[in-house]
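Structure provided below as structure tokens; questions to follow.
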Amino acid sequence: MSIQGLRASELAEMFSADFLGEDILITGVASFHSAQSNQIVFLANQKLLSALGESKAKVVVVKNTEGLPSDRSYLIFPDPALLFARIANYFHPLPASLKKVHASAVIAENVAIPADVEIGPNVVIEAGVILSKGVQIKAGTFIGANSEIGANTILMPRVVVYSDTKIGERCLIHSGAVIGSDGFGNAWAIDHWERIPQIGRVVIGDSVEIGANTTIDRGALDDTVIESGVRLDNLIQIAHNVKIGKNTAIAACTGIAGSAEIGAHCLIGGGVLIAGHLKVADKVTILAGSGVPSGITESGIYASGVPVVPHGTWLKNMVHFRKLDELAKKVKSLEKTVVNQQLNQGEKRDTN
Amino acid sequence: MSIQGLRASELAEMFSADFLGEDILITGVASFHSAQSNQIVFLANQKLLSALGESKAKVVVVKNTEGLPSDRSYLIFPDPALLFARIANYFHPLPASLKKVHASAVIAENVAIPADVEIGPNVVIEAGVILSKGVQIKAGTFIGANSEIGANTILMPRVVVYSDTKIGERCLIHSGAVIGSDGFGNAWAIDHWERIPQIGRVVIGDSVEIGANTTIDRGALDDTVIESGVRLDNLIQIAHNVKIGKNTAIAACTGIAGSAEIGAHCLIGGGVLIAGHLKVADKVTILAGSGVPSGITESGIYASGVPVVPHGTWLKNMVHFRKLDELAKKVKSLEKTVVNQQLNQGEKRDTN
Amino acid sequence: MSIQGLRASELAEMFSADFLGEDILITGVASFHSAQSNQIVFLANQKLLSALGESKAKVVVVKNTEGLPSDRSYLIFPDPALLFARIANYFHPLPASLKKVHASAVIAENVAIPADVEIGPNVVIEAGVILSKGVQIKAGTFIGANSEIGANTILMPRVVVYSDTKIGERCLIHSGAVIGSDGFGNAWAIDHWERIPQIGRVVIGDSVEIGANTTIDRGALDDTVIESGVRLDNLIQIAHNVKIGKNTAIAACTGIAGSAEIGAHCLIGGGVLIAGHLKVADKVTILAGSGVPSGITESGIYASGVPVVPHGTWLKNMVHFRKLDELAKKVKSLEKTVVNQQLNQGEKRDTN
């Protein structure tokens, strides 16, 4: 990429930050460790002050300059990580559309291709698909019949979008993601499973990002819904008829079972399992490795992940964990006995 | 799809249900919420009676009509969900073969293609592959050398089938599934891992469904076996030499380690981890998020998933959980002390 | 494959094993169960002696011949599983390069293709990619701009390698793996997420194996690093800026969060969750299903997976588990009471 370098003061002005110090030409972003003198870094945390000391970076994004060395220049902004992200986006924007349809793409006849759309090699687009302006469909991606891709959305290589899926604007979907596959619907018939057709869709809002190899099943009768601004990491499973509210972010390896409704502005850690047919309120944080078997009605932080201990300790703990109920009963019985003893002692004291 | 509408009484006759009420033309299936008056719905649960009240649907599949409003028509069947699935399948059958080989498919010369087979764009089929009648291989799917695909099986877009895999009839395999990849076989040699060649196959029975991005490894020496009627959801890992018995259904994000033998008719929840070299009996239900480190010899329901609590509670609980053995020892010691006190008191009483 | 058969004594010589018994022609490897008389088997465990008894195999790889039947021949080697792996590799080597570029591959003009490289059907290789000698890129794999693939590395069908990725020599990467996708980097901006560009790379050493549908994200600013000899199973998530040390082996369904540094020679079980921004020491074993929320500084075996119990027991246990802190407090209070009683009794005894 040949993005133009900018003076530190120009970056400050562009993003409404204050500027202090020598006005150096900035050509990119970097970490403390790897920065060259013309790359900008950020300090999110005073603990990293020593790392700054060892860095070649001359310009730093900070919250304030209290206690900071005077041999650096500073962009001052209330949220340094956010300003740094914006500067990084200036130097490393999402790829621009090549505005070109590769000759090897297999596109159904009735599909209209706006002039600024990019369609890569070996892409397959079935009949009735609607592509909005600025869409980029990278190599090998498949889009099933009658799906809609909103303006400026990017599908990375080898994404699969099943038929009738609706994806909003400015989404970014990573390789291997499968969107609109059948929900896991099976009806037992005496001696075998019968398929329950999955005729709902997946409907995805705007500015949604979906990680590599994540799967989102279509609804059984109604739709699976991912609202605008949602961020899904890699290897996540979203089952049929799940609804995920606006701006909720979910880390990798999490699974959400059918018809669960996750609120807006939730933060869900990695490897979380959420059962089906329940509601999680808005602004709920669920820490990594937790299990959510029933609904959560109040905003707050929740957890159930179990941390490792040395194996020997674990073996001993597990003996009791497997019969925790017995342990609790023992304690209850002890309490009774001890209370009786106190009563006895009291009586004896009285009768003494 | 332009499936023909049918009168409610015709549907009842087709599927051996009783019929009661006005004989309306039915054009499809729907949920209570989304139904138009000519779409059929089902009532699996008396709790949903109020939802029925608000639905535009005029025809309902039910178990019996006790307490149900008289302004609807009813298809009466012992298992309403099953009948509804069958009616849904009538209106939304699996896709029919296009009976066409796309020009972009790369197919080895010696592969015979029955006339009613569909092979989509960019499919790759290697030498020695056997395709039975009615097979559908959707866009971008890869089938390795000498694999066999049984009659009427459908491979959705971008499935990968490694060489020598055997897949039965009427299977449905979703996008991103990888079948026949190498098992995780490594032998340690003083200072590095050496590869243990994986020369077994994956053998899949009839009527098996496999979810998106699920992986099934080939056997090390003998085969990995998925018996007929098995249902696998998305993002499941089946390691080398696993055997899964007939009609077992497994929810998403579950991992089964090498050489585990899972019985028939099991129901395994999402995010379950099953260790290797063990047997799980037939008709075992394992709830979501459980760990199965050793064999299960008796049919029944098993669980070990840990439910979330508010983070503050969790932090306090974890302090004790990490030293549960100590807690149990304290209780044991208390028991002794209290028993001794009782003996002492008894003695004292005796000596008083 | 038409690998030449060898006499048992020739195999022994080839791999520096001792040989004892009748010198039979060996044509392949097998399990006890499936072996024909000219296939070699191995005995890793005296418990399997009865299985050997029922096997048709005439030649066995063993550690020593103590107590073994005299009607078989033996290759004697300190680590029978390792020798067997080597013999299996002789009969079933990794595929050799076809030294051919398929006509359907889409390769950027400036990419040099060494004469012994294989590029399969529908492969896409972008500009600036460097392919070393002996590389095999199987059908449908995508390699993004400026990536490097080291000598004799094999990418199986439908792998995705994002731009700027560096993969070493003799690696084996299975289908569906996605390498170099964006890390999960989001900055919150008052009412929406903003993307944090992920401009680091994935750098993979030599002799690394990566399983099907595993995902490895590129670094945010610096690189994600997988050192030489690492073995990753299927469906593993490696987040941005993770570092995995030499020869560490990780089983399926494990997730490692951002910036975690895993040591060398670790063994990590399936379904393990490792939090971000921590260090795991060298030679740490973590059992399946464990959660690692903070660093591990000492080599050893660690666990936190919870084993299943019958559902009824589980329900009873969970009641107490959710309020383990209360149980612990009861025990503490009981201890106090009992100690006071002892003091009282003591006093009374004194005052009696």
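All chains are identified by letter, namely A, B and C, in their written order; residue positions are counted from 1 within each chain.
Simple rule for what comes next: contacts are C-beta pairs under 8 Å (C-beta built on N, C-alpha and C of every residue); 3 or more make two chains touch, one makes a residue touch a chain.
Remember, predicted model here, so these are calculated numbers, not experimental data.
Chain contacts here are complete: no pair of chains fails to touch. Fitting chain B to chain C on CA positions gives a rotation angle of 120°, reported to the nearest 5.
Chain A and chain B have CA centres that are 25 Å apart.
Touching two or more other chains at once are residues 104, 122, 140, 158, 176, 213, 235, 253, 271, 305-307, 309, 321, 324, 327, 331, 334, 338, 341, 345 of chain A. In the complex of the two chains, the chain B residues touching chain A come out as 29-31, 33-34, 79, 81-82, 84-86, 88-89, 91-94, 102, 104, 120-122, 139-140, 156-158, 172, 174-176, 207, 209, 211-213, 229, 231, 233-235, 247, 249, 251-253, 270-271, 288-289, 305-311, 314-315, 318, 321-325, 327-328, 331, 334-335, 338, 341-342, 345. Contacts from chain B toward chain C in the complex involve residues 104, 106, 122, 124, 140, 142, 144, 158, 160, 162, 176, 178, 181-182, 184-189, 191-197, 199, 213, 215, 217, 221-222, 235, 237, 239, 253, 255, 257, 271, 273, 275, 285-287, 290-294, 296, 300-307, 309, 313, 316-317, 319-321, 324, 327, 330-331, 334, 337-338, 341, 344-345.
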